[in-house]
Amino acid sequence: MTGNRDENTRLQRVIEGIAARMAGETERGKVRPGDDDSRLGAFGIAVQTADGALLQAGDHAERFPIQSISKVFALTIALERAGEELWRRVGREPSGDPYNSIIDLERHEGMPRNPFINPGALVVADVLLAHEDVREGVPEPVRARIAQLLGITDRAAWPPCEPDILDSLETGHVNRALAHLTKSYGNLKHEIEQVMAVYVHQCAVRLNCAELARAGRYLMLERIGMATDSAQAVRLARRINALMLTCGQYDGSGEFAYRVGLPAKSGVSGGILAIVPNHASIAVWSPGLDESGNSALGTRALACLAEEMDWSVFGASGLPDERL
Amino acid sequence: MTGNRDENTRLQRVIEGIAARMAGETERGKVRPGDDDSRLGAFGIAVQTADGALLQAGDHAERFPIQSISKVFALTIALERAGEELWRRVGREPSGDPYNSIIDLERHEGMPRNPFINPGALVVADVLLAHEDVREGVPEPVRARIAQLLGITDRAAWPPCEPDILDSLETGHVNRALAHLTKSYGNLKHEIEQVMAVYVHQCAVRLNCAELARAGRYLMLERIGMATDSAQAVRLARRINALMLTCGQYDGSGEFAYRVGLPAKSGVSGGILAIVPNHASIAVWSPGLDESGNSALGTRALACLAEEMDWSVFGASGLPDERL
Amino acid sequence: MTGNRDENTRLQRVIEGIAARMAGETERGKVRPGDDDSRLGAFGIAVQTADGALLQAGDHAERFPIQSISKVFALTIALERAGEELWRRVGREPSGDPYNSIIDLERHEGMPRNPFINPGALVVADVLLAHEDVREGVPEPVRARIAQLLGITDRAAWPPCEPDILDSLETGHVNRALAHLTKSYGNLKHEIEQVMAVYVHQCAVRLNCAELARAGRYLMLERIGMATDSAQAVRLARRINALMLTCGQYDGSGEFAYRVGLPAKSGVSGGILAIVPNHASIAVWSPGLDESGNSALGTRALACLAEEMDWSVFGASGLPDERL
Amino acid sequence: MTGNRDENTRLQRVIEGIAARMAGETERGKVRPGDDDSRLGAFGIAVQTADGALLQAGDHAERFPIQSISKVFALTIALERAGEELWRRVGREPSGDPYNSIIDLERHEGMPRNPFINPGALVVADVLLAHEDVREGVPEPVRARIAQLLGITDRAAWPPCEPDILDSLETGHVNRALAHLTKSYGNLKHEIEQVMAVYVHQCAVRLNCAELARAGRYLMLERIGMATDSAQAVRLARRINALMLTCGQYDGSGEFAYRVGLPAKSGVSGGILAIVPNHASIAVWSPGLDESGNSALGTRALACLAEEMDWSVFGASGLPDERL
């Protein structure tokens, strides 16, 4: 207990130091062309630890649309429902191409390379719809399960769909191109606009760092929030962590694994969810993006945090802090 | 101590059970067209633990050319010598294409996607040559460092180069095509035949499972065998583990991470080296390959072992064995 | 005059011989999966000569949707309207990929390789809409100009749009994927459904061989039917012939140029329009397609006809008939 | 006769006018990086007419290595020897990729798209070697047949091989990469260095415009210089013209067909051979290249000449000169 309390005291100091350094950074990345850049100066961080502490620093209380980070939660639900059958419709390999590349999709005849590139996320959204009574918009059971997984207990707090945020002209047309091509190969069962509605909806969910870090608890193998039993839940969390590590940062996934060494998923609004299995769930947010579309400061902050805390899935150093 | 002894007793039982099951498997994969298939029935496994025990089962004493597994050791030496500068010449991203695809190389103007696809390994070999007095064949310092890293103490035991093993007509021409294309972009400094000599030489090194498992000790973050100091060695080992996890199994890397959850590197002769950071270095060998060119039984055996020992970089379950 | 009459008598004999041979062919190609194959036994041919004769044989009077052959006429109108500016939005190079490949479109950032692959035809349709008061469906002036160019004098004869023919599930989704991707790059000005309406409409025009051969007269450099003056019309016809020769038969264009040696455009319903500059406009029709999607018998018939009549843009032999 | 004399007088006037205009052009293109640019100011033209006249202007007497134009003559010999069997080893489709792209070769499993891209030319060179007693270098019968086809009667005039001209570092490595990849698919029978020797040799032949225009006579369907009988020779010439039209100008072939309308083959040294079937064989030369690697002024000159002489395989206008 005391150990944890000391550890958490140190962790709080570390994230406050990081938040302070990030506030002073001048190279903050860029938002996508056309996006609002008024919050380029923002940086928030929150860490949920396995012992139940929630530590925060910077602009941790400011909400942002989680965008592609939602793909992690949507995939979890799809795997709970469809099981390993899902992998007949979407691959598990890193893509080597940008998140919205249509080339790969044609080369592999409508089978997206993994569930975190956009066509893969559309297939996942199609699976979410599979057993629902679909009329229009997003079916209530889908909304409810996403809300439950994200820990949104107050249904009234469920954010209204804000398609204008992400359905800018380009994104909308590229995603519809991906959807039509996927459907041409028979790999979408529902109407394209229904699938798009689920996808847009999940992307538009707004959370702050604290809420996002808490939502990631099941991925550090706490057995909470999962519909499945414990053994299945553990297996599922491990596998989603594997996908986050290999495919979670678009075409910067390899470099992120190399530099940071943690499973993580980024979103185009500048958020990143990262997992230290058995130890912590971390959320960072800063809107400026690097060339691969990942939060520039968020990536830097996670690299610092992992180094200072000796966190890496690729081994604990066992060295005194000052040595690393 | 007792704990370790008990643990090792259990581990010995587990790998013997796996070896017995693998002996009975009928679906054993295939060797590459033209390769010798007389040892399709073979299966060997060895586990080097962090506490110094070396456990073995099956055909663990039979030597095989380590082929592409050598890319791990060559990369280690190249990173010791060139440092992060290496990444100006080779990427760190999974490729999404087969190991010998030339398409990616042209698309990225002579910069291989990662050091484990063949053109990347050729650039690494070029770096190994960089500071040597190159006359012909493989320079003695390069041989010596590889031997040291592999723990080959008896220099006489250094295997003679057996280029006939891997320089079959197809492989030779594809690799030379990759080398010429890389050189056309200025990304090889030495003569192609010199680079090929180093590459062929490292691939032809013959080890058995026990020797290979021992050679992988530095990757579980034991601080031995590295030329660098401890902190650097830890960082280096973590980063090589990251590359093994994201890129180590050709275009089956994503699925391997998903199913097994350990950093690993395979070779076309049927060997796989897998790492449980801080805990174990594992070598398996069985010549039959799956569709991605990885040992079919080796992959299955590692999946069983990881499951039974609750080994995964993506989290320990903490559940009683019988639950997983 | 007598010369022409003798020549035409011989030509009539030749096409009747071809029609008879084609009736007896057993290898007739295939219709696309799902398409009606009840007319696989049909073969029609018509030749409009420069001296005004219209010669016919086989099932020349049976109408079929002209499908992609309409791209020739749509391109003509677009070039009349936009002039060489058109080539800022669509290329003039053969594609090397199938007609509906989306890969090329992404590689060239939304600029279709040529106006005869589907995305190019969509850009052309967008140009046709450019100066019209667009409300819904196909604007009357566009209909009127297509009708005029095709020589459909009786407006009542204008065929109703039959989108069901071509808008089968696959085609529709692939074309919409192409349209959305093109629009994402800003290369479509109008709403996708408006562009699709023009495209579907032009494809659904139904002509028989005689009507189609007559519609092609302006391409043999007769100065009729063009909105432009004579010199421009000649230049335009030559250029469209050039595009037909290099890009008119999907990814079989090179082989068609090699075997037949005439500018031609095929459609997926089995029609082909071929031009002998200064001499003849030829239409053939037979529904079975070869692997590239061109009429199998139509191609064979044109090869025979070209050989027997010593017709090739690549040189007249001057040899007695029996020699060739 | 008089008609021809008048026509030739006019043609002489036209090419002199073009040569004068080209001398004054300031935008002259660029040589490849590293190539000699001392002759950027040069422009030569020669026209061999079907009635036997040879008309010349500008720097028509200056010799240059014919480079890729040699692919036309090599293909002719290969087709004489291997007949249509050749097309089992090389395609006839335009490539859509640059002349030295390796991507296409891998996509099509070692079958080059056409005989005018470099891997296709290597397969053709391999065919030239097929029936020869190969020891080293270029077999005498191959040299002799190339010399005969090019009309090099004085064997002493046969140029020594100048590999340094084209075997610059990049070209050499890219071509060897293409050769090794082609051989890896079993599509080269001879040793790579033998094939390269033939290829380098044919590229290094030096001709001036007059010699090149005369060498092209058989392509305007004069029945001279061919080993085959007349009917075969005509068919062969037509087919080579077809390939020149669809594939002769690298990835600028479509635009060249559109703008100029004549079969032509360019070389990287700035030469172009163009054919007006039944009428003329034209050679132009100016070292500055456009973006596709074709002579910038050569292309412009051919466009002017074709326009002024009303030459196009896509139809004669029949209009008075001043109208076009």
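Lettered A, B, C and D in written order, each chain numbered from 1.
Basically, contacts are C-beta pairs under 8 Å (C-beta built on N, C-alpha and C of every residue); 3 or more make two chains touch, one makes a residue touch a chain.
Just so it is clear, the structure is predicted and the values come from calculations on it, not from any experiment.
*Asks:* Can you name the chain that lies farthest from subunit B, using the mean of each chain's Cα atoms as its centre?
*Replies:* C
*Asks:* How big is the gap, in whole Å, between where the Cα atoms of subunit A centre and where those of subunit D centre?
*Replies:* 56
*Asks:* Hey, how far is the Cα centre of subunit B from the one of subunit D, in Å?
*Replies:* Going by mean C-alpha positions, subunit B sits 49 Å from subunit D.
*Asks:* Where in subunit D do residues touch at least two different other chains?
*Replies:* In subunit D, no residue touches at least two other chains, as defined above.
*Asks:* Select the category (line, ring, star, complete, other) that matches the graph of chains linked by touching.
*Replies:* ring
*Asks:* For this entry, which pairs of chains touch?
*Replies:* Every touching chain pair, ordered by label, is A-B, A-C, B-D, C-D.
*Asks:* Considering the complex alone, what residue numbers of subunit D touch subunit C?
*Replies:* My answer: residues 91-97, 104, 113-114, 220-221, 230-231, 234-235, 237-239, 241-243, 245-247, 251-255, 257-258, 261, 263, 277-278, 312-319, 323-324.
*Asks:* List the residues on subunit A that touch subunit C in their complex, please.
*Replies:* Within the complex, subunit A contacts subunit C at residues 101-103, 105-107, 169-170, 173-174, 176-181, 183-184.
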